[in-house]
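Each of the next two complexes has subunit A plus one more chain, namely subunit B in the first and subunit C in the second.
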Partner chain A sequence: MSLLLQAQGLNKRFQSVDALDDVSLTVSRREILAVVGESGSGKSTLLATLAGLQSADSGRITYYGADRPQDIGDMDEMQLRRLQRTQWGFIHQNARAALRLDVSAGGNIGERLMMNGARDYGEIRETAARWLDEVEIGRERIDEMPLNFSGGMLQRLQIAATLVTSPELVFMDEPTTGLDVSVQARVLDLIRNLVHKLDVATIIVTHDLGVARLLADRTVVMQGGAIVEHGLTDQVLDDPQHPYTQLLVSSVLPS
Partner chain B sequence: MISYNFAYLDEQTKRSIRRALLKAVAVPGWQIPFGSREMPLPYGWGTGGIQVTASVIGETDRLKVIDQGADDTTNAVAIASFFKRMTGVEITTHTADATIIQTRHRIPEHPLTENQIIVYQVPQPEPLWRLIPERPVAMRAHALGDYGTMYVKLYEDITRFGRVASAYEHPVMVGGCVLMSPSPIPAFDNPKMDRMPALQLFGAGRERRLYAVPPYTSVRSLDFADHPFHPGRADGTCSLCGSTTSYLDEIIMDDHGTRRFVCSDTDYCSERQDAKDTTP
Partner chain C sequence: MMHPHTGSLAINATDLHKRFVLHLQGGLELDVLRGANLMVRPGECIALIGPSGAGKSSLMRALYGNYRIDSGTIQIAHDGTMVDIASASPAEILAVRQRSLGYVSQFLRAIPRLSALDVVASSAIARGIDESQARRQAAAMLERLRIPSALHTLPPITFSGGEQQRVNLARSFICDWPTLLLDEPTASLDPTSRDTVCDLIAEACERGSAIVAIVHDPALRDRIADRSVRLENGATLEETLA
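Moving on to the complex of A and B:
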């Protein structure tokens, strides 16, 4: 598998807290990487930094895109925006904050296309309809306002609105937290199917080890801003080596 | 007896506004902040337009003020008499005779010339404001020429109404690179802005922004490839002058829904009526 994203020696301090402490990781094409750890361990900071939403104090992030490797730190704002909205995607925990609730479902999906220069209404609408089918909302709801959608539907709409440009790499920040358990399962199932179907690499941040086990090829465990353990998901979860990982795994309630 | 400076504003204020106007002309469509002053009428009644007019008007100018196309509505009459008192310039209703035209919500039917300045009163200068509520974020979008978001509104229009339905304030691209609000003029008037020989100045008093479109600058209304921009006009004939091409106001005549159309541009309409009267 070929390399897609590489982070080397990322450091980030918030006043006295080390949010990122010499973090290095790689993601390959079509690979799903889970980042697990407790609240405050630096998972979300890591994700936002990798996605170019905030900058690290030191370290470098290299993206091996279609043509040539690019250092994220060297890009100007326009290049970064273009990358973020064509080849990358970001799925937020709170779909309500990420979507436009006063714009129809079709408009929400179409926004990313229009930002990338789509100027044909018929094509935009057809693509949006196809994606509504894809995420099991159904094309007949294309003109409805997301205001009327349930939490699970909103999250599925956000997934459609992100994947519509067929990105190569998607960042997900706790995409199923806050949904009830049955809805969680459905959204996870959808994510798993879509990322495999589209061959999109994914970095998913979660505190739910079950999500990591279900989706991820590899898992990294964070504590206090540092990566304490990494490896194949089954290996990390079934045979944890680091005391903190052992604690995490043992604290999962038996189902 | 208190006496006011020519055109009400003091000279330093006028100079500062002129400097802002020069910047605005240099970067067509770009919003320039300016030190908007307290004016003797409420925000929303044309404080921005009045300050721009006051900064460019001279003793030899002839001023025309219109509100929704009409010379005889409250807002137009009040502003015209204000300038009459504060400058002593000649007030005219004839588009062709005016050197400065201050307008709210219309562009006159009569084509403007190189010798004229049109000043628009603008309530909201930021075309992205409904889509991007945070001004700094909107300014970044302008700085990067990142206007894809604007199409979300057009998409919603077509979805809801079957066509690009912004009947007024339809956003335009100026000089191919800056997104601009044309002020709340009807979409019907948008094409008149394109390569207009007259200088177009825009003032937003409450928002403290002004902007400009220099003569002969391209102004293109946003649209989709398969839903081209359509300047809307009521399908009717002016019942006073018989015009079939001017922008029309609809007037309800009685409680039974009888209606008739008249030109929104009163000067254009009366000129056509006069011409009819003199022909045998």
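Moving on to the complex of A and C:
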């Protein structure tokens, strides 16, 4: 397993609160890492920081991309943007805010392809159609505006629009939170199949331990901006050692 | 008394200790393993016996790297060498679990939407078997464990306890595991299915698999096991001929 992303000693303070407290972690190629914790534990701040959407007060993030290791902090705005739209992807909790609702479903997918240099209209349309099938929306809806799509469909469209360019690393922020329980399983199953099929490394932030169990190879547990426990997902969930992890695990209602 | 040769081992676990500290119960300490040892050769089936709470499942979970032990070593044969699960990195443990070490828990845990056939086939596909062949093998294994083909396309979440256990067993026995851990493999099975599982265990050992099974039923133990290892209070006692 070769290293893809490494964070060392990330710190971030919001007024008097430690949002990130000396956070270090690694993600390897094709690995799925879950970051779990309650609201306010710093997990979304960590994700946004790793993805270059906000900066840390101190610490270093290194991306081991195709050619050579790159320090995210050393990149200018242009280089970072290019990385974010070519080799990375970000799936937001709120698909409605991430997508363009006044552009057709196919257009939302095609846009990312065009940002990556695709120019042939027929090819773009065919790729978008294939992806609409892939995420179980169906190619027949390619010209529909997503305005009237259900929450689950919007999330699946966001997944298609992100994965269409086969990024190496995808950041997911609570991708199933806010969806009906019956829809959650479908979206999770889809994410699981696609990340395995495309061999894409994934960092997924979730408060739902079941999501971590289903998707993640490894899990880190955050509390008060710090990582308090990490390990293989089944180790962390079946043999939790930190008091906070024990509390999280014991708070889950058995199904 | 029979002792395994130390030349070629599938499992060599020595002096395992594991203590749970329950922080939500005021720091209550539970010593679940207190000096457990286990040596298993390829082709051998070991029965883990002992009263409930003696540490059988904990030992099995430690062997799989699911419980993190406090001290001791857990050597597992993997790709021609021995890997110490107790000190291996997460990536190394996953590699051992992918190719060398199977585990059948008492309860089926599967993706909600997957059909029984997909659940079973996916474990073969994960080990590099071609998809259509994996599905054929999965169907044959399910049939052999008397899951009728009408049920193959349904998610096993709708199945009875015994059917779920058979899907769980099919998922593991479809692969040729060098080492396989079975937690009460026949607990909720009818006598016919039990016979099938005994046959599957015998066939796997014949092919050279090392098997460790938690068994309560003495009759079953006599049928499948070459040796028994007894646990009491988290420690392994004398090994007896099965």
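Basically, the second predicted complex is superposed on the first by the 255 of 255 C-alpha atoms of A that agree within 3 Å, B and C clash if a C-alpha of one lies under 4 Å from a C-alpha of the other, contacts with A are read in each partner's own complex, and residues count from 1 in each chain.
The rule is simple: contacts are C-beta pairs under 8 Å (C-beta built on N, C-alpha and C of every residue); 3 or more make two chains touch, one makes a residue touch a chain.
A quick note: this is a predicted structure, and the numbers were derived from the prediction, not measured.
K.L.:
Based on the shared subunit A superposition, would you classify subunit B and subunit C as clashing or fitting together?
P.N.:
Aligned on subunit A, subunit B and subunit C fit with no clash.
K.L.:
Draw lines from the C-alpha centre of subunit A to the C-alpha centres of subunit B and subunit C: what angle do they form, to the nearest 10°?
P.N.:
Taking subunit A as the apex, subunit B and subunit C sit 160 degrees apart.
K.L.:
One more residue to check, A:55. First (subunit B), second (subunit C), both or neither?
P.N.:
neither
K.L.:
When the two structures are overlaid on chain A, which partner does A:243 contact: first (subunit B), second (subunit C), both, or neither?
P.N.:
second
K.L.:
Just subunit B (first), just subunit C (second), both, or neither: which does A:79 touch?
P.N.:
Touch partners of A:79: none, neither subunit B nor subunit C.
K.L.:
Which holds for A:24: it touches subunit B only (first), subunit C only (second), both, or neither?
P.N.:
A:24 contacts neither subunit B nor subunit C.
K.L.:
For A:116, select first, second, both or neither according to whether it touches subunit B, subunit C, the two together, or no partner.
P.N.:
The first partner, subunit B, only.
K.L.:
Answer with first, second, both or neither: which of subunit B and subunit C does A:186 touch in the superposed model?
P.N.:
A:186 sits against subunit C, while subunit B stays out of touch.
K.L.:
On the overlay, how many Å separate the closest CA atoms of subunit B and subunit C?
P.N.:
35
K.L.:
Let me check the overlay on chain A: which residues of subunit A are in contact with subunit B and also with subunit C?
P.N.:
Looking at subunit A, the two contact sets are disjoint.
K.L.:
Give every residue of subunit B touching subunit A within the complex, in rising order.
P.N.:
Within the complex, subunit B touches subunit A at residues 140, 144, 146, 148-149, 151-152, 155-156, 158-160, 224-227.
K.L.:
Note which residues of subunit A are touching subunit B in the complex, please.
P.N.:
Those in contact with subunit B are residues 77-78, 81, 100, 103-104, 106-107, 110-111, 114-117, 119-125, 143.
K.L.:
Once bound in the complex, which stretches of subunit A touch subunit C?
P.N.:
Of all residues in subunit A, those touching subunit C are 1, 28, 31, 185-186, 188-189, 192, 214, 217-218, 231-232, 234-235, 238-239, 241-243, 246-247, 250.
K.L.:
For subunit C, which residues count as touching subunit A in their complex?
P.N.:
Subunit C reaches subunit A through residues 20-24, 61, 65-68, 90-91, 93-94, 111-114.
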